[in-house]
Every structure is written in C-alpha cells, then in structure tokens.
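Letters A, B and C mark the chains as written, and numbering starts fresh at 1 in each.
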Amino acid sequence: MKRCMLTVFAVMAVLAASVAYAGPYRISVSQFVEHPALDAVLKGFQDQLREKAVDVQYHIHNAQANMATANQIGHQIMGEKPDLILAIATPAAQACAQALKKAPHMRKTPLLFTAVTDPVGGGLVKDLKHPGANITGVSDMLPVDQHLLMVKTFLPGIKRMGFLYSAGEVNSKILVPLFKAEAAKLKFDIKEATISKSSDVYQAVKSLVGQVDAVFIPTDNTVVSALEAVIKVCTENKLPLFNADVDSVKRGAIAAMGFDYYQHGYQTGEMALHILHGADPATTQVEFQEKLQLHINAQAAEQMGVAIPAELLKRADHVYN
Amino acid sequence: MIQLKQFTKYFHRDGVDQVLALDGIDLGVQKGDFISIIGSNGAGKSTLLNGLAGTYAPDDGQILFGGKDIGQWPEHRRATFIGRVFQDPLMGTCGALTVEQNLALAKRRGKRRGFALGVKKEDRQLFEDRLKELGLGLENRLGDRVGLLSGGQRQALTMLMATVIPPQVLLLDEHTAALDPKTARQILDLTRKIIDDRHLTTLMVTHNMRIAIQMGNRLIMLHHGKIILDIKGEEKRSLTQEELVARFYDRQKKEDMLTDRMLLG
Amino acid sequence: MTWYAIIGALEQGLVYGIMVLGVYLTFRVLDFPDLTVDGSLPLGAAVSAVAITKGVDPFASILLAACAGFAAGMVTALLNTKLKILHLLASILTMIALYSINIRIMDGPNVSLLGASTVLDPFMAAGTAGYVVAPVMYGLLAVLITGGIVWFLHTELGQAMLATGDNPQMIRSLGVNTHHIIIIGVGLSNALVAVSGALVAQNQGASDVNMGIGTIIAGLASVILGETVFGSTGVTRTCIAVLLGSVLYRLAIAMALGLKLGNFAVTPSDLNLITALLVVLALMAPGIKRKFGGRAK
C-alpha cells in the first residue's frame, strides 16, 4: 500500500513538474540596430502578445549594427533553445538563419523575420506564398504604387522625381527599379541621388534642386538621420519633399504614406501566435503590412508651395499644422 | 675602378638654407686602394660616402663604376658591389633576427631571394669559422638574437656581414666613432685584417688623424666640400701628424687669403 | 555563457584569425600600419559572394578573393613607395576607395549567401552538425595558413621582409629592393584579410559593404592580446600567438556580452570601449609583471 501510494505520489509529482515546466513560451529576439522604427516593432510585438495574455520569457539581443555581433548573437540564441526566434531587420535575420543551419536541434524552431524589405532577395524564403522551411515573417516592402499615386495626386503635372537613398542600404537599393517602373506607369521618371554617409546628404539634395519637381526619401536610416538638412534645402528652394516614413512628416516633409512600425510589430505578433499554436511556417505566407497611414504636414506644404488636394486632406490619418 | 667627375651635391637646393655639400669633386679610386678620408665637421665626408653608396643621386657631375654611369642607380642596386659599415653600430645588423639569420641575409648580397630556406644547414659551418676569426665568442651564439649583443659585437658582426661576400668596394663611415677605445681598437684590427686578407678596395672616413695616417695607402682631406689634400704612396708612408696639420693650415691660409683678397680687393 | 556561445566565439576567432595574421604581417613584420584591411575584408567577401552566386566553386572563390586582396594591398604599397605618401594615409585612401568598389562589385550593398553553396557544404553533407563543422574547418584552414606564413617568414624572401621592417637601411645595403618587399608584404597581408572576409561571408550568410568597419581595431587588439598572453619570442611563436589572440579576443567579447552586474549589462555598443580597455590592459601587462615579479624576489 505504502509503495503504491509512493508511486502514485511520484507520478503526480512528475506530471505536476512537467506541467509547470511547460510554462511560458521562450522567445529570443535579435534586433540589428537601435532605431526608433525597429524599437517600435519590438514594442508592438510584445504588446500584441501581452494583450492576448500569452506568457512569454524573452531574451532580447541587439547587434548595434555590427555584423560579427549579429553572428555571435545567432550562436547565443542556439544556446537559449527558444520556442520561436524573432529577427528584426535583414542582417539580423540572415545571421539567425545561418546560425539555424548549423544547429541540428534547431531545425524545427520557427524563425520569424520582421522589418525586412526583400525576404526573397535576402535569401530568407524561396517563395513569398510558400516559404518552404521554418522561416517566415512580415515584410515592410513599400507599396510603391500607392506612394507614387499620392505624389501624383499632390503634383499632377510632375515630370521628374528625385529619389534620395544610401548606397549602403540594401532595403533602399532594391526599391529603385520598382520605383522607376511604377513612375513610368504614371508618366514621370526618377532621378537617383545616392549618398554613402549622412554627412553627404546636404550635398546630394542640393544636386537635385532645379533638376526635379519633387524629392522622395524611402525608409532609409542613413538619409532619415540627416532629414533636417533635406528639409532645409527643400524649403529654401520650394522643392516638395515626400517620404515613406510617417515620423518624417512631423519633422517637416509634406506627406508620407507609410506604416506605423508599431503596427508592423503588432502584426508580426499575431503571426507569432499562430505559429506558437501550431501553424507550420513552411505554409504560412509572408505577410505585408496592411494598414497604411497618411500623414500630412500643412505648414510644410505651404512653405514648399504645394496645395493639398481635398481628397487627401479628408483621408489623412493625421494632419500637422 | 670608381671615377667621380665634378660630383656635386647640394642640401636644401633652391631654399634659403642651401648648402653646397660636395663641390665638383674629382676623384679616381683604383682597385686595391685603401683610402682614409679626413676633414673637419661638415666637410662632406659622410656625404661623399653616401654619394658613392647611392643614398642620393648627384645634383651635378657623374659617378662611374667600371666605366658605367651609376649616378641614377638606387642604393640597393649599388649594394650588389658595395659593402657598408655605418657609424651607428645598431644600423648594420637586424636586432630582431639571430646572428645566423643576419649572416644568411648578408650571404645573399646581390642575389635573388626566393623561397629557399633562409638559414641553410651547410652555411652554418662557414658562419662559425668566420665568427671564430673575430675572437669574440660569437661562434657559440649563432641562435641568439642580435639585439642581445653589445655595440662592439654588433659592429664586428656588421664588418663580417659587409664582407662575407667580398664586395668590390667597402665603405666605412667612422665605424669606430661610437665605440669605447678598447672595442674601437679591436674593430680597427679586425678591419685591417679583413681588408688585407681579402684585398678589398676601401674608403674609410675617420676623425682620427693617427689612424688615417697609419692605415691605408692613400689619404684624402676634405674641406668645405672640396678635396684639398690627396696624399699617396711613399709620401703617405712617411707622413706624420704634425706634417699633416701643417699642410692643412697651409692650404687653409691660402684659401683664406684668397677669400680675403676677394673681399678686400 | 552557453556552450554554443563559446563555440561561436571559437569559430569567429579562427575565421578572423586569418585576418589577424595579415595585420601581424604589416603592423609587426613590416612596421607598416595598414588600414586597408577595413576595405579589403569586405572586398574578399564581395568577390567571393558574387563569384558563388555566379556559379563559381566556393573554394575557387576564396582564391579569387585572395587575388583581389593582394591587388588592394599592392595599391596601398605603390601609393607609399612610388608616390611617397605616408603609409597610414595611403592605406586610408585605398580603404575609402574600396567602399565604392565593393558596392560596384556587389551591384548593391549586400549579397545574400543563404542557401548558396559554401566551403562548409561538403562536410555538412556528411551529416555532422554545422556548429561543429565550422570551427573544425576554420581551425584546419587557420592552422594551414599559419603554417604557411611561418614557413614563408623563414625563407630568404621572408627573412628579407623581417629585415625590411626592422632595419630597412641595413637590408638595402645588402642589395634588397625594399620597395618590392613592401609591395609583396602589404599585398600578401591584404590577400589574407580578403580570404578571411570570404570565409566570414560564407559563414554568416551574406556579404555586406559595411562588414569591414572596425577590422583594424579587432586585428590590433588580437595581435597585442596574443603577444602579451602567449609571448612573442621568435616568428613561429608569435604567429601562433596572434592566432590564439584572435580566439581570445572573441571569447573576451562574448564573455563581456554575457556579463551582468546587477542591473548593468554590457551591450554591443560598449564593444569599442571594451576593446580599448583590453588593448590598454594587454599593453600594461609587461609592466605589471615586472613590478610584481621584482617584488617577489
């Protein structure tokens, strides 16, 4: 009897322990660099999971824009043996994907990327609809057609638009042919101006004055960090400035049709939940951000000599004065 | 063998502080000559040696070797037939390498350096024998880093390295000036021995008039970039220090008189 | 710090160790501070990545990378020897130019190698786990290359190179064209760095134009750390020492990243400060040893 009781007790203890052990989900995060947009992504992700009352234990790493560190973080994550990996920005995703390849025990661990503009070009997935392995995620590819339509609505007679970006950022570089193609459809063309570091921005934007009817800046970290220089030149020369990053409108661009990166993280969190509850990353297609926001800066528009079309004013999610 | 024709060298040419270091020197060096070069500071002694070695190309004039004009030849090209020992005992050897590595480097003077092993087993015996001749015990220290040796030992090693492949011309630039008297004497004895044994054509710069008189078959005195005395053969053999000084002042006075005359005339 | 983190540091230490050998060659052997490496590391990565995506065998791509690195080093050396530009400045000029050249080579700032064939493939196919294969493979390569460099420095040419860095006047007076030696040396050094870059790109899955930033710092820190901890008497010992120094450096960084003192955690942005501190400590070490060694008597 005593032995029987002991056995039952032991079995129950083991069961209880295993149940307790199945506790919180372990998520390891690799963020490539500190940046307001990427920080917002992480916050959105965490808020989504918190709202759905999911218990998560996070290990968060930041590579501070150093590729060797991103690689090292990949190795560290191997040791953390998480249930899911979140990689924020392309270099972090690539480093994690590479680390996963080397660790057989991680073959089944899902890797979710976010804030990655070109998952296929970056080698993360074979196909957007059928990722095919354990990697999937949310892409922040700009809806180029919508951006250019917005610009054309502001300036119906536009003939040429300047595209200012950093030659060192792959997310910007891949946009160039897309922008050229879409602009051609809308009957205007694109003039590129590249920079290699933020101190080049002033010179580059000055080179566009008189050559173009408007200037467009994609979500390019290097250019955006020197945005004030661009705003100054554009305001002085009455050259309309448009953007893909809504934060820049507050700082002085006329308008942007962008996403809120907090929403981006939120959307990624939703996808993470699906996967944690059993969805297979191989068949979970890569998502694009659905919610776009239109921000307009009325004062900037006036300073740059542009009238705001009524329809856009009505649609706008936020108008700054 | 070597012919200097109107060899001229300026320092800071076209500048405010232009100095005429060598003023149209005409000098012929015969094979087998052992020339002592003396002169006051700034006379141009080291400049002359550097000019022979190729540290710079002459501003004017020619330097001929075996009839060929080598004025534009860079230093390392002339080093194929010129050996040098410097005033600084540290300058002639590589402190970071061992004694045998240094000697091995010297043994390849003028030859192509490729992927054969630097220090070859068969050379070790040669190195030992030559080092034994120095009488400094270095033959037992082949594997020691040269940086551990004293100044005198390094200078002796430099002498050996400059002559292990006998050069056509040996240039000695006050090579005992930085050594203590005892070591200086040892190095001078070594110098005499090596030059006699291998019949090397030598130019030796020295501040020491006694040595200049004792050693060599020819004595040249430089002053203000010009050769003012060139004594050889019997005349040199019977030369004394007093006579040398007297002849110097004689020339000096003549020169000074000339300039005074020009000033006052 | 987990076992994987240690393996990761070992792997990085070995793969960057080849670069450190290159830095040793210029910084110590030739006494030629060479900043070209910040540009030639991504150059090697770019050449290798582009070659692989065009179908070239990964091992062959590494040879191509080496040639590109050699060319870059030659440019710096020519700027210094023929145009008489100060070595530090010459190397900076080449380094800056390489940034643009690398973007041209990659036709963009980044080339992904995820899913492309790499030198690790033959071994991974055999079934061994990647995180074991990588350090072993890189370890073998690093040992081979170190052995090659040690052999080279004992040849006539290598000895002349050591002499050129230690006493150029002397070796010139023995008939060696020091300009040629510098060209060969700086070229060889950057070839090594480019090989390292090619391996890094294949290891981390991408070649990026910005991946070279800070290479010279990591290289110098590794050289100094290695010499201080493992000794630097003689060429053979020093070469092994700097390779181990590279591993030690990456281990130290990995440990620092895992360090948590209460609420204060070291973040990657502190890395530069940590590196500087490491180098200062390493340079102080002989002085400390002497001070306490003397007292013990």
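As a convention for this text, a contact is a pair of C-beta atoms (placed from the backbone, for glycine too) under 8 Å apart; a residue touches a chain by one contact, two chains touch by 3 or more.
Since the structure is predicted, the reported quantities are computational estimates derived from the model, not experimental observations.
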Problem - Shortest contact path, chain B to chain C, counted in steps - result: 1
Handout entry: Which two chains share the largest set of C-beta contact pairs
Key = A-C
Practice task
Return the chain label for which the distance between chain Cα mean and whole-protein Cα mean is smallest.
Solution key: C
Fill in the blank from the handout: Maximum distance between Cα centroids and chain A occurs for chain B
Fill in the blank from the handout: Cα centre of chain B to Cα centre of chain C, whole Å, reads 43
Practice task
Please compute the C-alpha centroid of chain A, do the same for chain C, then give the distance between them in whole Å.
Solution key: 33
Practice task
Take the average of all CA coordinates in chain A, do the same for chain B, and state the distance between these two points in whole angstrom.
Solution key: 73
Exercise for the section: Provide the list of chain A residues touching at least two other chains, using ranges where the numbers run on. Expected result: none
Practice task
In the complex, go through chain C and note every residue touching chain A.
Solution key: 2-5, 7-9, 11-12, 16, 99-100, 103, 108-110, 112-116, 124, 129-131, 133-134, 200, 203-206, 208-211, 213-214, 218, 250, 253-254, 257-258, 267-269, 271
Problem - chain C partner contacts - residues on chain B that touch it in the complex - result: 53, 74-77, 79-80, 82-84, 86, 91-97, 101, 104-106, 108-111, 113-119, 161-162
Exercise for the section: Under the touch definition given earlier, write down the residues of chain C that touch chain B in their complex. Expected result: 152, 154-160, 162-163, 165-167, 169-178
Fill in the blank from the handout: So, in the complex, the side of chain A touching chain C is made of residues 34, 62-72, 74-76, 78-80, 90-91, 94-95, 97-99, 101-104, 121-124, 126, 167-170, 173-174, 196
